[in-house]
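Next come the structures, one after another.
Two complexes come next, and they have one chain in common, subunit A, joined by subunit B in the first and subunit C in the second.
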Partner chain A sequence: MALPITYNIRNVFVRWRATVATIAGIALVVAVYMIMQTMAEGLEKSSQNTGDPRNIMIVRKGSTAESSSQVTRAQLKEFNYLPQIARDAKGQPLLSADVVVLVSLPRRDGSGEANVLVRGVSPVGMDLRPQVSLVEGRWFTPGKREVVVSRRLSPRFANFEIGGKFRTGGKELTVVGILDGSSSAFDSEVWMDADESRSIFDRENYSSVLVRAKDDAAGKEFVKRIESDKRLPLLALSEVEYYAAQTKTAMPIKFLGNFLAMAMSVGAIFAAMNTMYASVGSRTREIGTLRVLGYRRRSILISFLLEGAFLSLVGGVIGCLLALPLPLLGYSIGTLNFETWGETVFQFRMTPMLAVKGLAFSVIVGVLGSLLPSIRAARLPVIAALKSL
Partner chain B sequence: MTIGTFILKNAMRNKRRATLSILSVAVSLFLLVTLLVALRELTLPPEDIGAALRVVVRSKISIANLLPAKQRPIIERVPGVEAVSPFTWFGGTYKNEGGLTFGQFAMDASKFRTIFGDSKMPEEQFEAFQKDMRACIIGKLTAEKYHLKIGDRITLVGTIYPVTLEFNLAGIYSGTIDDRNMFFHHKYFDEAMGDMGQVGMWWLKVRSAEDMPQVITTINNTFANSSAEVRAETERAFQLSFTSMWGNIKLFVGAICTVVVFTLILVSASTMSMSIRERFRELAVLKALGFRRRELFAFILAESFALAMFGALIGVGGAYLLYTFGSVSKMTNGIFITLEVTPKIIGTAITVAAGLGIAASIMPSISVAKTSVVEGLKTLD
Partner chain C sequence: MAENIVTIRNLSKIYRQGEINVTALDNISLDIRAGEFLTLMGPSGSGKSTLLHIIAGIDRPTSGECHVQGIDVAKLNESQLADWRNQNVGFVFQTFNLIPVLTAYENVELPLLLTRLNSKQRRHQVNTALELVGLAERKTHLPRQLSGGQEQRVAIARALVTSPSLVVADEPTGNLDSQSAQDVLGILQTLSKSAGKTVIMVTHDPKAAAFGSRTIHLEKGELSN
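Right after this comes the complex of A and B.
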């Protein structure tokens, strides 16, 4: 026979001072855990958002990132007219040979310099990446040393506004537009003309090539074709796959998040334990009465466990709510990307799955914290319990 | 019974509660010290003794941009420069291990000792390294991690350069601030790459600290407006430039840490004040016996202060022992090489603990003071 749940819930609020402190503690632990997780999730999502399933990316075999890859012009000639590549209305292949250069630029707040990824794209490069749109100004004109910067980078780097000029590679570049990458990795990039980028940064080769396959089957055939060509030390893979693999940067954040959650939950478990011991202690007589009424040890145990779980679940819900404003307000955060060594900007992201994880985490803390006190409550001898004051 | 033993007996009366309180304080302070140490390490990386005389020259565009090899004789002629070596990040993967392995640099082997004077290696190992063009030397930590010994063969697959290089391990060095890197002959690299005539960076040693500013200005000016502009800076400035790259995540992690510490303090304070609240009746008895409010406050304060300090001793002491004598690079998976618990950090932690001890005693003391003897005696809880 189980005790009614309302009995437990109402008991949680009897000793409200200790209860509030415990709930607040658990809420903050869950909030920190959730914030770190929404951060890691946002970072991973930004690379998942980037690929287009119809696109195929070609990089040098063995390179781990576009910025360290090279595709020579001779290699490009080997495959740019392959029949599997889709063509536009004019019959030109939908192919963008990009040049990715890491450029060190001063931050807007004057706190030093950081690396920015400057992507030189071919004219069809924008059509291949429909998630990128121009939100202000205009696209660059090749040959006029113009660039378009991302909306998210604009507040972070000096002179990243329309009409702003900055120097690199001995040349002065002018910002003529602001782009939005709809939360993809392109939010962390500056775009300019590919061939102009090659001349400014003195690059003979391209970094990567992006092509649009006619259809799925043609795409697979294209990948196979590049793979089997022994003259080409290149690797073709779907753009989605390429970006999905770029998750190294999220690792330390997850590591830190888990470490903090672990260490903090130990503290929270101690707190829950103390609260529950006190709760058991002050209700010794009540427990004795319940036993006399015929409730079994098992019911008492479960009842106290439920109480602990409910206590921390309340904390968990508050914690999840505390972590919500950052993803909702679209606050963006930037850090060093370990793949490209450029600044990567991303937003916090909350998913239902994460919320469930946070709540489960809080319940585990509650159950672990109330386990020993509940066992003690269940083991109390009836007579002694009744006699106690 | 003296007042001291009275307080001690009271503190240890409920052993389980005392243990839980002490442990939760210990955990919070351990975490506080860990976070403070890690943040300090991120914003202020450890400094090598020899770094004071080293200058790093990289491309002005960014660190990933290469420099023409023909700059070397020009830099060598700059007055005050003692030695110049190319310094190219190879970025190979070892044993198919993705992710963070260890840094690999191609350099002029004959200049290794001059530039990195703080490294220690047996003479015969250094000679073997100099003689064999395919030889490499490796830091003690990496050698231990992969169980490498002299004479082993090491194969690196380039991720930046399309070559696979094979090396003979000629020496294992130690004594630098980061004994993890691998160094090999730039000539071997050039040969494998078909003499591309480019290097990653130039690292140089200047004769004395007085020459430093002059050398840096001269190098920067010499290549200004050339096709390959450079940025010369001290090794320290070069290192610190990486901390700026962390972006606002640094600030953010700092903020999180504050929340973490605040949370744990809240939790421990509530735990400690709970034990006082349970003794309401007793305190009322003491009041009835004639003890004054401030004496009662002193009892409570002394008890919670003692618990907090005991927790601090375990937490801070544990962190100090762990980070001073434990292998930090193994524990953090290579993210940190040293975690130095400075006196300032210990001071901060102890201050927080003291504040915690005082804060935890204030609330119960106020309610004890407010309650009349009769009310206190009536309390059942």
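Right after this comes the complex of A and C.
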């Protein structure tokens, strides 16, 4: 009972002079929305990539960031030989007591300083985090004031290359290696030896402790054990859970993306409305003719709504394509992480779901914009429509 | 003899424009027999188009009755009227009114998309209609690629394609050169003579009217012969 969709598609393209500005406007709105969403998606993904399901994280109760958490050496002694912790070949517990410090370092481009998260790890710290690998140089030697920086931080901070030296805590540190965190939160970190870090930054305590549980059941038992020990003001939870909760930083980006899209879509809706009113106006006689042929008011209404939706969808597809190069080329971006207060670096990330959202968004803009023009088209009296020029 | 396909009794159409009433049709009674080629003449503003529109079910009378094949067209609601037009009337306009973005074939197919015919049946009917107007080889052309005369022939094919019993044409040759007009009038004449269709045509041209089997005259909304 409906007009063929090819009729609408051709009308959109035949009138391209009138529609191109509207399509461009909608493309722009969708592109902005998509870029913000791919950013938020990438940020969330980096949190998701970080945790290992076998690992358990221990931090001070109530501290949201590792850098503000404290685990004393006395506390560590209470649990570092618990039987639930897995052991290596030499019988040593798989446990890394980390020291996390935020240091302010000059950017490579000279645009001032930014916070970098420096993680001091125990020797087994690397084994507990298999997603972190050395891509260049070598790992640091304890006692030699050496660090390994992430590949993604390297272009962003001065002297972050092999052989580069920078001063912090009154000491000079040398970069001896580059690490890759496979798109995890470790991509935004500098690593060094934990005990050396404590001495350089004058820290009495550790920030957090990461342990590998023997198995699932042992892990649960370990968590329960830490929780029930009233003397320990500590929180134990799976590493996956810990990082999954670290999505706060993506929230303002998502919010801003949604807000911008909302605000801009009002303009896009009016642009679509304008275009569709013009289209209905110039096709009045055509509408009258279709009605004479037997097409009902409702068919006309649906046809014009579809046309508006299609018009917008073209804009939506272009918008998605415009937002694609950033994630496709693996472009990474840095922002202040609201959890760690350090510079966090992550990649734009496009997912099929995001693309569907962007396209759906454009279709909604189109349908809303063409609603009134379509109703006008459907309500045209046949005789009056036929007499129009 | 053939029975009446259109029966009009005491039909009036009055347009109200504020204080002024314009009487477009004034108490008209008329019978049209099936298979007739009736031509409708009269000065501008005499109500020819108005009468045609009421018979074709695209306008409603102010009073009186217009039965087409026994159906009181004015009593149908909007949707019923749309379906009725699709099945029973083919309309040919002075300005052709083809859809510019659709090919000749697609234009002719438009009324059939509202029927239950499948695509194969539709193709058969579209091809038959286009052959009848001599444009079978112009199927893929857009209206702007056709001459005025060819456009009007496509429009006639579109009016015929659902096999309606009634074909109405409002000054179909008004925008055509004399040769194209001849072609169009010839086709309409054939429709009534060979295919048994009832054709009602409005025209200003006595030569065009001569193609019809009967001519009636309208004057200020009244029949005048």
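Criterion: the second predicted complex is superposed on the first by the 389 of 389 C-alpha atoms of A that agree within 3 Å, B and C clash if a C-alpha of one lies under 4 Å from a C-alpha of the other, contacts with A are read in each partner's own complex, and residues count from 1 in each chain.
The criterion applied here is as follows: contacts are C-beta pairs under 8 Å (C-beta built on N, C-alpha and C of every residue); 3 or more make two chains touch, one makes a residue touch a chain.
Note that the structure is a prediction, hence the values are computed from the model and not measured.
When the two structures are aligned on the shared chain, A:G125 is found in touch with neither subunit B nor subunit C.
When both complexes are overlaid on chain A, the residue A:A114 reaches subunit B alone and has no touch with subunit C. Within the superposed three-chain model, A:A263 lies in touch with subunit B and out of touch with subunit C [touch as defined at top]. By the touch criterion stated above, A:R10 is placed in contact with subunit C alone, subunit B being left untouched.
Once the two complexes are overlaid on the shared chain, A:G358 sits clear of subunit B and of subunit C alike.
In the superposed pair of complexes, A:G319 makes contact with neither subunit B nor subunit C. Of the two partner chains placed around the shared chain by superposition, subunit C is the only one that A:T289 touches, whereas subunit B remains out of contact. In the superposed pair of complexes, A:P327 makes contact with neither subunit B nor subunit C. Touched residues of subunit A were counted for both subunit B and subunit C, and B has more of them.
Touch criterion not met for A:G366: it reaches neither subunit B nor subunit C. Against subunit B, in their complex, subunit A makes its touches with residues 17-18, 21-22, 24-25, 28-29, 31-32, 35-36, 60-64, 67-68, 70, 101-104, 107, 111-115, 156, 168-170, 201-202, 233, 248, 251-253, 255-256, 260, 263-264, 266-268, 270-271, 273-275, 277-278, 281-282, 333-336, 341, 343, 389. Across the complex, subunit A meets subunit C through its residues 1-4, 6-7, 10-11, 14, 285-286, 288-297, 382-383, 386. Those residues of subunit B that touch subunit A in the shared complex are 16-17, 20-21, 23-24, 27-28, 30-31, 34, 60-65, 91, 93, 98-99, 157-160, 162, 225-229, 240-249, 252-253, 256, 259-260, 262-264, 266-271, 274, 277-278, 333, 335, 380-381.
The touching residues of subunit C, counted against subunit A in their complex, run 53, 56, 58-59, 78-79, 82-83, 85-87, 91, 93, 95, 97, 99-102, 106, 110-111, 113-114, 158.
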